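Each of the next two complexes has subunit A plus one other chain: subunit B in the first, subunit C in the second.
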Partner chain A sequence: MNDWHEDRTDPAIERIARALRDAPEMGRDVEQRVLAVRRAGGDVPAARGARRRRGWIGAGALAAGVALVLVTGRTRISPDPVAPAPAAAPIEFTVRAPGSSRVSIVGDFNDWDPRANPLTTRAEGVWATTIPLGPGRYNYAFVVDGVAWVPGDADPRALGEEFGTPTSVVTVPSSI
Partner chain B sequence: MTLRWTCALALAAALPLPLAAQDARLTARLDSSTALQVQALVDSARGERLPGEPLVQKALEGSAKGADDVRIVAAVRALYGNLRVARSALGSGATEPELVAGVATLRAGGTPDMLATLRRLRPAQSVAIPLGVLTDLVARGAPLTSAWRSVEGLARSGGSDAQFLAIRDPAGQRGNPAPPVQPLHPAGVPAAGAPQP
Partner chain C sequence: MTASRSLPQTIPSDAELVLRTRVGDHEAFGKLMARYRQRLGRYAWYALGSRDDAEDALQDTFVRAYRAIDQCTHPDRVGAWLFRILINRCRSRQARKSLLVWSRDGDAAYERASVEPVSESAAWREEIEHALRQLPADQREAFLLKHVEELSYDEMHELTGASHSALKMRVKRACGRLRLLLEDERA
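Let's look at the complex of A and B:
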């Protein structure tokens, strides 16, 4: 597995950036010579032919783009339908983990990222955090000292856990 | 139209495909082959107007838990299948929370008929909370049949989300043990497809 969160560069964007970086530079004198001819009302030698060729190349590129869109039937993969974001409610999560040095919570609300929501100690051995969550049903678990997966006692367990570690489910209604 | 503009237009028309086809979270946390397989499932789901985000989250969950690639793809594929079943039962207008709750109910042993029955009983209201409560009751040890009778009975009487949650958390807050489940309408007629007591 990759070291996630270290490098999130999109490969497609990187390809485009590389192509732009590698584009050949024209000498400054070339630009000035062309402008001088233009100002004089003349035409750059062979410019008409070049314009015609560029026109065909451009038309071809445009046609290729349009064809690609038509063949695939879409210009982008549709993301999930975007509904108006409902108000998030502060949901408190607590876990008893005496003797541990760090506790975090992972779940559907933070991409299961142990670094996203660390808990703090609020009492002897009790760790807690509050996360704003919109209405919905979220699977989650606590990660103690980076290794132990602990379900939340305040919520029911997720049934049919596929990955061999316990997970809880918190339900956030539309109005609390 | 200049060559530059023509090429820019052509590029703009073609670019969104690769840009949108890759979910950076998947490529960052799964190996490339697994990320591609999961992405294909996500794209297929979205092509069917099913939500893709639950599939992404399932893959990220598997990755965080150190599951191997085969297991991650299998879990995502199974979830995709359950989303289709849930949508078929709940109707094409089902929301993502309803579908997610429906999948959880199916995993708890519930049937597509239960989902469809709740949809019929609450045509203009979300069924996410009733389904979630049904699932949670089962997760806390209530027999599915009893839990279903409670939830279905409350749905028939037009219960609100708060009333459904009160079945599960009678003190009105998280963290209370599940109460013994009692049928609210013992004389009621079971819904079509509902399991008989």
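Let's look at the complex of A and C:
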């Protein structure tokens, strides 16, 4: 496993690396700050915006303990011409998860907190929620029954599975 | 990822702390953070070129990890899992900011790299940091993981998703670029 030495031919590089390893203490109070954030619960960023857009997504399959067949989706509701220009646009996320008891969505917009944005049932096993999002790129996934992480098939898969499970990336343009 | 000298097992084990965290033991996650914060923070600092950004990325990583602790499928390798989250956080931040270009001379840095003993000064390290920041992000990432974090290419592949050959090329280019940067400044 150790192919370390093949790059260690230059003593100067090794000395550079050694100097970099000798870094000052980092994150001295990070434990307190993180635990404080955690105790505060799901900190969903304040969202604003009124314009809407519509779009559809695709379908996907998943197995998580009990096999479930899911159809995931995100609906963008079309713009409201009379609304003032907002900083964020409501984006509707939908997923078909028949037989599931609870579904939520986690992503960059809610600090990956499964409690922050629960979906509600619409019809025939379809779960949905609307989240105001400002312009940007957001990784996200659905959490089914608190266990299974399901990417949204409407959007491309994220490069690099941050938590070891697949996620998708939704891009909200600055003008929609 | 296999166990290595760079990811040592300690008591209580990482796996035990993860399991305790999952049942609501805040202190257990605090111990995990204390165990990994220096190493993760150091990587973030060099990758992002700013201590403040590094501290933010570190906190962001721990918050995300805490909330997604159930997704850590191999609790005994939580260190690698945390590192993967951090690398992605750093990549996201790098995409949003342009790193400052070092304008200072690096001659002294290369000179010292060739002759100085182990006890490098903080000032020298700072000069090297500036040189490091001139590397492309993917080369800097590969260099840090290989030479500073002392990971194997197997571990680097698992963390970054890049192929072994790509990683080796990035490391070699990073080393060559560092030498060139410092030598050019010296000339």
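In the analysis below, the second predicted complex is superposed on the first by the 89 of 176 C-alpha atoms of A that agree within 3 Å, B and C clash if a C-alpha of one lies under 4 Å from a C-alpha of the other, contacts with A are read in each partner's own complex, and residues count from 1 in each chain.
Just so it is clear, a contact is a pair of C-beta atoms (placed from the backbone, for glycine too) under 8 Å apart; a residue touches a chain by one contact, two chains touch by 3 or more.
From a predicted model like this one, the values you see are computed outputs, not experimental measurements.
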Contacts of A:Glu124 with subunit B and subunit C, given as first, second, both or neither: neither
Subunit B or subunit C, by number of subunit A residues touched: B
Which superposed partner A:Pro135 touches (first subunit B, second subunit C, both, neither): first
Touched partner set for A:Arg157, first subunit B, second subunit C, both or neither: first
Partner chain(s) touched by A:Pro173 [first = subunit B, second = subunit C, both, neither]: first
A:Trp112 touches, of subunit B and subunit C: first, second, both or neither? both
Residues of subunit A that lie at the interface with subunit B and also at the interface with subunit C: 1-2, 4, 7, 10-13, 16, 106, 111-114, 149, 159-160, 162-165
Sites on subunit C touched by subunit A in the complex: 2, 4, 26, 29-30, 33-34, 37-38, 40-42, 44-46, 51, 54-55, 58-59, 62-64, 66-68, 70-73, 81, 84-85, 87-88, 91, 109-110, 112-114, 116, 118, 120, 122, 124-125, 128-129, 132, 144, 146-148, 150, 152-154, 160-161, 168, 171-172, 175, 178-179
Contact footprint of subunit B on subunit A as seen in their complex: 1-2, 4-8, 10-13, 16, 54-55, 57-59, 61-66, 68-69, 72, 74-81, 83, 106, 108, 111-114, 135-137, 139, 149, 153-160, 162-165, 167, 169-171, 173-175
Complex interface listing, subunit A residues touching subunit C: 1-4, 7, 10-27, 30-31, 33-35, 37-39, 106, 111-114, 146-147, 149, 159-160, 162-165
Residues on subunit B engaged by subunit A in the complex (per definition of touch): 1-3, 5-7, 9-22, 24-25, 27-31, 43, 46-47, 49, 51-54, 57, 60-65, 67, 71, 74-75, 78, 95-97, 100-101, 104, 107-108, 126, 128-129, 132-133, 135-136, 138-140, 161-162, 165, 174-175, 178
